Amino acid sequence: MRAPSVAEIAAGDVLLAVEGVSLAFGGVKAVSDVSFDIRKGEIRAIIGPNGAGKTSMLNVINGFYHPQAGRITFKGKTRRAMRPHAAAAGGIARTFQNVALFKSMTTLDNIMAGRSLKMHKSFFWQIFRHGPALSEEIEHRKTAEEIIDFLEIEHIRRIPVGKLPYGLQKRVELGRALAMEPDLLLLDEPMAGMNLEEKEDMSRYILSMNNYYGTTIALIEHDMGVVMDLSDRVVVLDYGRKIADGTPDEVKKNKAVIDAYLGVAH
Amino acid sequence: MNKAPAAAPIVAAERILSVNNIEVIYDHVILVLKGVSLHVPRGGIVALLGANGAGKTTTLKAISNLLHAERGEVSKGSIHFDGMEIHRQSPNELVRRGCIQVMEGRECFAHLTIEENLLTGAFTRPDGRVAIRRDLDLVYSYFPRIGQRKNSLAGYTSGGEQQMCALGRALMSKPKMILLDEPSMGLAPQIVEEIFEIVKRLNQQEGVSFLLAEQNTNMALKYAAYGYILESGRVVLDGEAKALRENEDVKEFYLGVGESGRRSFRNVKHYKRRKRWLA
Amino acid sequence: ASAEDTIYVPLFTYRTGPFAVSGIPIANGMHDYLEMLNQRDGGIGGVKLAIEECETGYDTKKGVECYETVKDKKPVMINPYSTGITLQIIPKASVDKIPVLSMAYGLSASANGTYFPWIFNAPATYWDGASVFVRYIAQKEGGVDKLKGKKIGLVHLDAPYGKEPIPVLEALAKDYGFELVLYPVPAAEMLNQSSLWLNVRRDKPDWIYMQGFGAMNPTAVKEAAKIGYPMDHLIGVWWAGNEADGVGAEGKGYQSLSFTNIGTNFPVIQDIMKHVVSKGKTQTTKDEVGLNFYNRAVYNAILIAEGIRNAQKLTGKKVVTGEDVRRGLETINLTEARLKEIGASDFAPITRVTCEDHNGHNDAFLVQWDGAKWNKASENIKPITDKVIPLADAAAKDYAEKNAGWPKRTEACDKSS
Amino acid sequence: MLYREAGQFKTNYASDLAVFPILQDRMGIAAILLVAFVAVPYFGNDFLLQAIMIPFLIFSLATIGLNLLTGYTGLLSLGTGAFMGVGAYACYKLETLFPGVNIIVWIVTAGFASAAVGVLFGLPSLRIKGFYLAIATLAAQFFLQWCFVRIPWLFNYNTSGAIEVGTHTLFGIPITGPNATSTTRYLIALSIVVVMTWFASNLVHGRIGRMWMAVRDMDIAAELMGIRLLPTKLLAFAVSSFYCGVAGAMLVFLWYGGAEADVFSINQSFFILFMVIVGGLGSLLGSFLGAAFIFILPIFLRYVPPHVGMSIFPATVEHITFMITGGLIIFFLIVEPHGLARLWQTAKQKLRVWPFPY
Amino acid sequence: MLLYKIFIDPFVQMGASPDLFVQTLWEGLVAGVLYALIALGFVLIFKASGVFNFAQGIMVVFGALTLVGIYEILVRWGISQENVAAFLALGLTIGVMFLLAFAVERIVLKPLVNQPDIILFMATFGLTYFLIGFGEYVFGGSSKVMIADQLYLPKGFIDLKILGGVVSLQKIDIAAAVIASIMVTGLALFFSKTRIGRALRAVADSHKAALSVGISLDQIWVIVWFASGLVALVTGIMWGARSEVSFALEVIALRALPVLILGGFTSIPGAIVGGLIIGIGEKLGDFYWGALLGRGIESWLAYFIALVFLLFRPQGLFGEKIIERV
């Protein structure tokens, strides 16, 4: 449980650091004075009881909420608050707790939409859909298909995602985030509402991403089994405050964490 | 394989809910349930298990008659609740009769406060303010977290808070039977435990029956007396909860315990594909 | 009878929509007179008239559609009954060689037969109407010179129909030295004129001319009453004088222009009663006959019939075509004697159309609302033709020039009968 | 299994990316184009061309325009009529200021004026959403319509206050004005509509279309994915208004031959919106179906009774037409709320599984 | 010079003739109340179902025509007491409005439960078409005179000689203001104090969830459509008394749009406050600044006023918060 040293941040080991972040909505303090860091290449879990401020923390990280206090250092640049577009362009992608897919678009289109930032051919070429626009489209389509293969969702490629069962929607959402080829991937309860087998699949995808692509991952999850197995380090929030930070084993044994969250020791 | 469970020694009269061989079609063309039968004894807790997209939610919606609102329809079979054919009944009539559904995905009224949300649950209740007030306090005592946030708009509360709100709202209608769709989703572990305890308490003290669609098989089979496993719109396995817990397939695929104890999520092998009951 | 020996007369009418109030008596009047000819005389010159209504709902889109529908059935003329529709049809009809009779509405400039050989708008244009108004108030004020320094308001529908009189009033304002104040009423604001009338209350115009239509009129009259505007200083164009507009008791004293007389006490109307209305060959109810718009529509139908009759005479054919009827219309000459023959003396204005002048720029007079019905309130008043006609000719020329390729008149002139 | 994709495999992405990957669809389109370009002008009479086909094409184009905004980007607009008006008046001004240039050029160019105005009134869309956004477009609607009446420069100080179309030619054949035959005007309208539909189809199937739809479905998620909301929405406003503007110019120059401000009233806006909804939000095919349904159905109903020998008063026909049209709209919405395009897809789905019910 | 005309001159005028200023204010107030009446009809239905009811305008016409139509029939049947006939007609018309609400619920809304707002909006357009055809078929296209006297609505005006001039208040306008305030208060109380009110907001939020907790959409919808039918009837009587009863009344529905948007789609008090702001704003604007722009600016002024307010409060003055969360 220590804040990242200036040297570490400078060394580039730390991909993202939040320092003293506070966020309140009217009287509700969603996040108060929280600091932690995410190192390059690690899987960092954020856990805590309901309403502890986990989702709000992610929202701060990718600029959807602007904290009243604190600062955020991402890739060595320090700001008071992120801007959504800048965060995305800088390589932060995320999935959402309440699936936020583009419901009437197909799986393929959702994933292709994830590549919008990477496609640049101008309006002029777009209206002809030939030449550069088409070759760009084909190039990105290849990437999209790779992601689809990776997540094993070939069979739902052309189905509007609104009609998919919840579990598959979560998977597509992951695919959409992957399509952005992020450096930092924020996952908000990616396994809620899944059965064991699906959680296992999901875990496999997350691990492979982390292993093969080196994607750094911040993960919110309520399934302790998953959290403890996957994550390198865990930060625990309660009522907007950080109450613990450390390896899964350390956290598991932490008294405050057991009281506030786990109930019984797992 | 998909005939009504013969093994279950449930006499028709004791059944509060029985679903007989129903088929459900969405949008006039998509056949989702292909003959599902299940029964809930009066005062029983029954779990409905199955993978994503197996049709659990659809089954529950078929019972509570909410399918109509999603352009789905029950094209075959019949559903009886409390001795009545309820196929043509409107959802509100059903709630009046004591059967309420807690929908998957926290369908709270975003523009109403938590407390107002809870009060809408009491819409069909004929008894007066005092009784409603009492139950309101009861709900808050179950879920202190939403008690603290009772004056915030539900749309602004966290996912777990909304889940509690949805559950509390259903409790406010004083039902005889609750159709619970994934109650544990997105809740912190100790709350999950609490919710199942509440289910147990309501069941034992007030005789409320439950049909429980759950992904958390472990929990579900711990609290339920009987379970059905659904796959691709068909019941593929059913039995006493205890028997299901012992079933090798269930152990392997739903509980995650192989011969060698609990598996780690880190070591999931890619080649492992589930054996399908219906291939 | 087969189609061969009838004359096809389509009538564009609007018995539906927001302006049906005005449209119904008009449709009935036109229909009933022509039907009367069928019943009494077996048509015109022994040929039955095939009368067909096409419902426009006063909507330009539907009007154009009506035009396309009737075009193939060889109509002898078109009565568009909406200034908007007329504007659309003018260029088309000129090419399709179908005469258009827009009786006292439509494009004022189309009075010029040299530029608009196919368009007729007898007996008077909106410009004539406005100039009659000016001449009338000059009389009341005691001479044209008295108009100097006066303030005159124009309350008008903010649409081509409503804006028609503006050029002539502007020209007259310059000549006579009065001030013209415009009060436009957007179509969507017809029922909501209170701030307009507050403006009137502030500006205190001495006279107001109203180029309004439909529900705009009763609203305006009621608002005028509200601000205490002297009601007899508010004068409407001839389309602002419908009984059914419901001007009500508040509107007592309000005046409107007219050129046809009111009542049933005319032989033509009696004939219509006898041959059509009492036989139930119409949608008209008895008490509707003789009302202002009804009678005006009867006059319109008289022009139609005269056009056809003249065409038969000129060509010697019984079944005439649109091209023949254009010649027929150009030779309309409703003299006192002729009016008497058709039972319309003292009912309709003496009307003369010529090759160059498709209008006649005829007199109009005022009728006044006594709280329940209209009464004639003035003698015939001449339009200020020496101003209006040159203006109209200039406008016609302008129209032809702006529309590159506007066809030159090629049709020969007949001698007026 | 009359309609099938089975056996039609794609071996490269390019062919899979085609708008009509299925052979039957491609043949269908070819047949429709053939009929539209050859059979209709050859066999059609003036009434069919002038009163049905030309307006149908024009409204289809406007409907596509609005569909790009409302159906694809999810921004409700009630100002379509006015944007069409901008196109019409811009074309009129251009044509009279620079009579030397071919009118077709001006018809298309007029779209840019409309696009600019559209962007201007689209600016509030950053802050205002949903039904509330309608206020900005309504402001546009009423303000622009007022301009068409009150700014005489726009109609060249014509005394009638209306704009009129003179004769213009292409290769010596008159294409506008009263001398142009309905066949020529139809063919020109058809060509413009086909080309612009093709452009629209390219747009919505590519990156831009996906960005629009993403903004429509979940703007927050889109923003967090790096799609800039304002430029995306403004682009939709621009393209949409461009289409509406061209449609407006065509309406005056290829159909009416003249117009007054009233043509571009709020009713026109609603009219187009209803075409979009009935046809299907977010569907190009739906734009055509919707335009056909809303525009042609009443005409059809109006002319059927007289043709089967029923003699009813025209006013009564009109009343009944209104009632039936209203009833049918409700009926179709109940059968398929997502519009005629979806109905068509369901029908295709049924054909796919035919003779089995599902 | 222009600046003078914009910023100084109007205020000089206001000071110079305060009676006109007060009169303008009063006209704005009255217009505002009348707009609010129309907006109220929209709000009720929107609040209860999220449906933007395009048919509100035609319902106004339909209500007024039915009232006068039934009255005429009653008189023809020999009910000689005019007032008796009028009130009997009023009662019967209320019955008709109930039937209409019932039919709309059964035939149109019920099969469209849980569909997107815009689809329901479209359905109300279908309804509009149907009602236009049906109304004209039954009542014909001619205009009728509102039976204001027979309903004991006051006539004439009160002239207040104040501020060195005359401010004239129409009694019918005063009556409109009073009736509108009573209706707004009544409806606001009904929908905020009863459980129906809460249910209503729930339904507007999500049809599906409302169904699931046992709220009867059938019942709620009949109630609100009936309520808005009554509002439409009152609107029809008031506007009809000011001009005439004909299909032209339909256009006034458009007047309500800026009011509705400004007040917030879901707020009953919003309708009245929005109405007053728009009414007074546009009357003052048109009266003191209209001539500068060439008149007729009332047609769009209201929208710009509403737009300006909306830029600061995107959900309207009293509208429900637009919730943005992920």
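Of note:
We just call them A, B, C, D and E in the order they show up, numbering each chain from 1.
Basically, a residue touches a chain if its C-beta (ideal position, glycine included) is under 8 Å from a C-beta of that chain, and two chains touch if they have at least 3 such contacts.
Every value quoted in this text rests on a predicted model; they were computed, and no experiment measured them.
Under the touch definition stated at the top, chain A and chain B share these contacting partners: D, E. With each centre defined as the average position of its C-alpha atoms, the distance from chain D to chain E rounds to 32 Å. Put simply, the C-alpha centre of chain A and that of chain C have 74 angstrom between them.
The mean-CA centres of chain A and chain D are about 41 angstrom from one another, to the nearest whole unit. Centre to centre, using the average C-alpha position, chain A and chain E are separated by 49 Å. With touch defined as above, residues shared between interfaces to two or more other chains in chain B number as follows: 156. Chain contacts: chain C has residues 15-16, 158, 184, 186-188 touching two or more partner chains.
The set of chain A residues touching two or more other chains comprises 55, 64, 96-98, 100. A complete list of chain pairs in contact reads A-B, A-D, A-E, B-D, B-E, C-D, C-E, D-E. Of all residues in chain D, only 13-14, 16-17, 199, 202-203, 205-208, 210-211, 213-214, 216-218, 220-228, 235, 282 touch chain A in the complex they form.
The touching residues of chain E, when paired with chain C in their complex, are 17, 20, 23-24, 27, 30-31, 136, 140-145, 157, 168, 170, 239, 242-244, 246-252, 254-255, 282-283, 286-287, 290-291, 295-296, 298-299. Note for the complex: chain B touches chain D at residues 25, 27-31, 71. Looking at the complex, you find that chain D touches chain B at residues 337, 346, 349-350, 353, 358. Put simply, chain E touches chain D in their complex at residues 52, 54, 107-108, 111-112, 115-119, 121-123, 125-134, 136-137, 141, 254, 257-258, 261-262, 265, 293-297, 299-300, 303-304, 306-307, 310-311, 314-316, 319, 322, 324, 326.
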